[in-house]
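Same chain, two partners: subunit A is paired with subunit B first, then with subunit C.
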Partner chain A sequence: MVKKNRNVAIVGVGQTYHKRRRPDVTQVELVNEAVSAALKDAQLDIADIDVIVHGNMELFEGNYQGDMWHVDGDGAYMKSGIRITTGGTTGGTLVCATDNIVASGLYDVALCIGFEKMEEGEATGGITGMADPLWFRWMMSGALSGASFAESLEALTMEQLERLELVAAKLRVQLADNAARNPYAHLRMKLTIDDVMNSRLLVYPLRLLHMCPESSGACALILASEKKAERITDKPVWIKDHVTTHLEDFVVGVITEAESTMRRCARKLYERNKITNPLKQIDTFEMYDPNVWWHMDWMTEFLFLKPGENIEMIEKGITALEGDFPINASGGVVSTNPIGATAMLRVAEAALQIRGDAGERQIPKEVNTAMASSFGGSTWSILNLLTKEKPM
Partner chain B sequence: MTKKVAIVAVAQTKYEENYYRQSELVYQCVEKVLDETGLAFEEGKGIDSAVTASDDFWDARTISDTPIGDVVGAHYRTEEKVAQDGAQAAFYAYMEILSGHSDIVLVAAHCKESQSLSRNIITNAGFDPYFQRPLGLDHLVAAALQAKRYMHTYGVTRGQCAKAVVKSHKNGKNNPYVTKAKDITVEDVLKSKMLAYPISELDIHPVTDGACALILAEEEKAKKIADKLVWIKGASNCYDAFYLGNRDLANCDSLVSAAKRAYKMAGIKNPLKEIDVAEISTRYSYQEPLWTEGLGFCGRGGGGKLLDEGVTEMGGAFPVNPSGGVLVGCPYITAGLARVAEIALQLRGEAGARQVSGAETGLAHGTSGPCGQLHCVLILGK
Partner chain C sequence: MVEREESFIKTRAPGTLAVKFPLRMPVKWPTGPYMGRFLREIKENAKIWGIKCPKCGRIIAPPRMVCGSCHILQKEWVPLGNEGTLLSFSVVFQRFTDPQTGEERNVPYAWGVIELDGGGVINHYLSETEITKLLQWRGKRVRAVFKDKKDRKGDFWDIKYFTLVEE
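Take a look at the complex of A and B:
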């Protein structure tokens, strides 16, 4: 167990509705929408906030150090604050950092805000820009470079591949059903297995409907110290622990260890928190799933499943909203993806599930412990562990 | 809050234009602090995590910390990037240790100003895209507006501001990391090429590349790592309004607030008496008198007189920027962390020819945004 200086809880959750384009608002207004929602949720005024933690990926909008302009929307005027960004994991890092800042004892109530207005830039160019300009940029193709998992499919028979494609489609339909119940989700469409199987092929076996969209939206969370949290809300959601696992950028020929950051991250979190059976000790998982193939792979990595167990779980509906171990009751990243907010939305949705405030997308079984993951950079992972029960 | 956090090692590169890659620049510093402390990247025993400071725009790279992970030990470990001035990274790393999540944190900042065609192209993108960016506002033009407003309000002159430049160059000659120090006079500054009135070429920090790294550790572990420890006694920061018209540019209200909070934490009532040396981030000459006012070293409008009287000179009662500071060359992002490193060197008595004798308490300052919108103040003590 990490020897945290003091307990920290989520006391306010806010998010915007998500769309491909939000021409009705500026970046500042978009940020303000989420901040106002979080303040309303916590029944707090901006004057109650001591520090603001801001983040996104600035080359998506082409806006240098956006926290300066966004002061008008996030309420940082004459307050303390910091801007922290780590690519796709930004939203998760913002939660970890804000947890650290409140646990430090220097600030009691903190607001973190992650956002992205994807319509103002060009995502594929933005993502390609992260590759090394000398060695790798010429062969990077934005988020589609992630289809490298196709290599692992080479050893499969046609029969096995067909089954996998069917499971991927079933999973996508399941996530679309969840998103249809989430009023804030971007893609809220009724899908059939045929729709997914026949959607445009991007890079085999990745199809358009397997991928996350580009969304515009924002998410804000309010975190408070134990004493303040219990005064602010009857339903504090405690941040029991968080683990960040980065990896070198220049991995070719350098890294020989085969373990993914997902598995390493989970191992550390489980060891520190005495989790021996994640499927039993955790009630729901909000996973940063950029596409359904990674969703399937990473289930195995994060949850330490036996080979093929992930496929079985999806086929049997165990990860569905009504199942024994719901994953992404919100619809996940394949339904909503405002990049700088995406990872924070995972934590926000997990917190709402613990509070029982997830509305139509509320998991029917009791949720006491929830886990949320972030993904970004050169295959970086973050896990946040949330609990209803106050940590010792 | 009973925990104490110390700086146990510092390293800087030379501040010059060079052809090193970003990660190579950072590694030059990382290697030094690892050698100095004997620490390895090993959770629980050595360095637990890293906080970096860099910016996607300056590096022309989405997620500018990806390549830096290679050299700051981000191998299945934590690395978090502060996308602002480096002083903010030191402040955040301090809080990370206080939180209990990490005991030993590596902090590293870098920037290569020489890589971009013009610094103004980047800082122009810091203004809102609807109203201000099309006007051509950038940090230089904004600074000129602030300088004019400040001078008009308090009668501070270009000549007084030029004294800060002369002092910086003079002090910079004693600093082995400085490469741009010249023999100049107030006349030279006043006669140098006008960029945006009242800011001329010598009023602004020259283009350089550079990196800086520190290791912070909690008390128990710090005592085992190093003999000369420099403690963080107080730290805070504060944002001002964004739109220049919403601020009175003659003053720096957010610096006043950040300093007040940091002084309160460190138990400082009279900064001029209780602080022995200050390293402040002044990208333009007018900022030295203005920031010294904001930090409470003198009253409002008194910054010019402070320069006239030589109080802030080496050998004066209250030396400001004995390293030469930013005006003699230290890039964006790195600047604030380098100020922290310089104060640490002063308090360790290892500042060589730029040493202020008997320095016990020091102040380091970093700033981000146009016209000092965000200020960060750290108080360090022996």
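Take a look at the complex of A and C:
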């Protein structure tokens, strides 16, 4: 059973247009764009907000304690606030923490903001700097680490490898098509299978177009308690549940754990919410997919698929925007990746799908239940479960 | 494997390692009793050791004080041998700033995921960077190649790399 003191809903969604570079604004101005958009969406004034929950991964930009110097832009002036930074999962943790403090009864209306201005620093150097300095930091190449998905390459024949390369390319083209329908997405380019397969190798077998970009952008969500939420909006999106699973230090556990954090996270979420058939009981999934290889692998983990079922689903177009089980109608992380906002964008996009406000990227079938995942270093996983129907 | 002059420099505090950085970077990291002993065994005896969890039996290398899963103190040291099986590999082509040196890292280099004979999975450089050759190495036996004893410093790179065991 989900233990929650009271229901909490998303009542405001805001995001910036994501781009590689935003030299026209500072961090605080960028943050303000998303905060203003969320307030406008909820038709609220900053005076209606009780608390600000703020986060990013400051090691990229080398600007520290953003919660302090963003006070004017995010609206925390003379208000209480919390700063959260959990690596890649930051955006997801921001939503979980904000949900927790509103559910607790401490605050009624809370705003959370995740952002990253990747142009200011270097992603690969920054992420590499998180690994153990005595050994793995010398080998690691940021998020461009091929080995953990290459594990599954061990038993594959060359023919099977070639088929996987082709499916990975088809998936990337599908996500590019989705991103082209999302005005906020960073990479909105028309891609062909050949473009993907001929893009340069970063870390074998990972190619440039398999990988997420480095984006600058921000996302803000406003969460409210049940009573307030129903007064603020006609279309509250309920945060029914969320689960976080952490793992010890880099790499070691990935190989030796019997069950991945993704599978463990999903198992807990499904048990608590009586989900026995995720493909039927969930309408769409916004997955944190840093690259298309992990997208394919993690479909199996999160959705409890049979071996090879993920490949079949992609080949048949089941996960396409018009398919039976759309994944990343937004274009996903391979299209847009302002890291501290990335995981929150998954929740934001899932919420827009439930509201029916996703514009050109709106899934044609009815969306009542949506799931959003977060990913971070050492394969940390978070799942947020959103519903149109108010939880009991 | 990445060619560089030296990875770590000597510090005045025993049991710590620090990096050489073009700019002054005054940080030094304690190796602790677990990583410290692991590095000492490599330096003095050219042997790789791991630690076995008394509860779940999992072997962790490099060793850690606590098993994350069982959250209990690790006490049983086990020799893992210097040979194992290559489970998978990565070849890094992308250029980026190495946060350990502030300079661009030399590419390409390859590292593997190696299951050692005595149990435990370790990550280390591979002597080969050709993808077509490494694809043939999958599932095959590899062995650790150590620096000459006089050149060993007590850091992880006293093992130069793993290389294929010729049949």
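Assorted remarks:
Basically, the second predicted complex is superposed on the first by the 384 of 392 C-alpha atoms of A that agree within 3 Å, B and C clash if a C-alpha of one lies under 4 Å from a C-alpha of the other, contacts with A are read in each partner's own complex, and residues count from 1 in each chain.
By our rule, contacts are C-beta pairs under 8 Å (C-beta built on N, C-alpha and C of every residue); 3 or more make two chains touch, one makes a residue touch a chain.
Every value quoted in this text rests on a predicted model; they were computed, and no experiment measured them.
Looking at the shared chain after the overlay, A:133 reaches both subunit B and subunit C. In the superposition on chain A, contact of A:203 is made with subunit C only, not with subunit B. The partner that reaches more residues of subunit A, of the two candidates subunit B and subunit C, is B.
Contacts of A:71 after superposition: subunit B is touched, whereas subunit C is not reached. Contacts of A:122 after superposition: subunit C is touched, whereas subunit B is not reached. In the overlay built on the shared chain, the residue A:247 is in contact with subunit B and with subunit C.
Contacts of A:264 after superposition on the shared chain: subunit B is touched, whereas subunit C is not. Applying the stated contact rule after C-alpha superposition, one finds that A:189 touches neither subunit B nor subunit C.
In the superposition on chain A, A:144 makes contact with subunit C only, not with subunit B. Annotation: subunit A residues 126, 128-129, 133, 247-249, 255 touch subunit B in one complex and subunit C in the other.
On the subunit C side of its complex with subunit A, the touching residues are 2, 7, 17, 19, 29, 31, 35, 39, 58, 60, 62, 64, 68-69, 87-94, 96-100, 105, 109, 111-113, 115, 121, 123-125, 131, 134-135, 138-139, 155-157. By the touch criterion stated above, subunit B contacts subunit A in their complex at residues 1, 3, 49, 55-57, 60-63, 65-67, 69-70, 74-84, 88, 91-92, 94-96, 98-101, 122-123, 125-130, 235-243, 253-254, 257-258, 261, 368-370, 373-374.
The part of subunit A that touches subunit B in the complex is made up of residues 2-5, 26, 28, 52, 55, 57-59, 62-65, 67-72, 76-87, 93, 96-97, 99-106, 120, 126-130, 132-133, 242-250, 255, 259, 261, 264, 376-378.
By the touch criterion stated above, subunit A contacts subunit C in their complex at residues 122, 124-126, 128-129, 133-139, 141-142, 144-147, 150-151, 153-155, 158, 200-204, 247-249, 251-253, 255-257.
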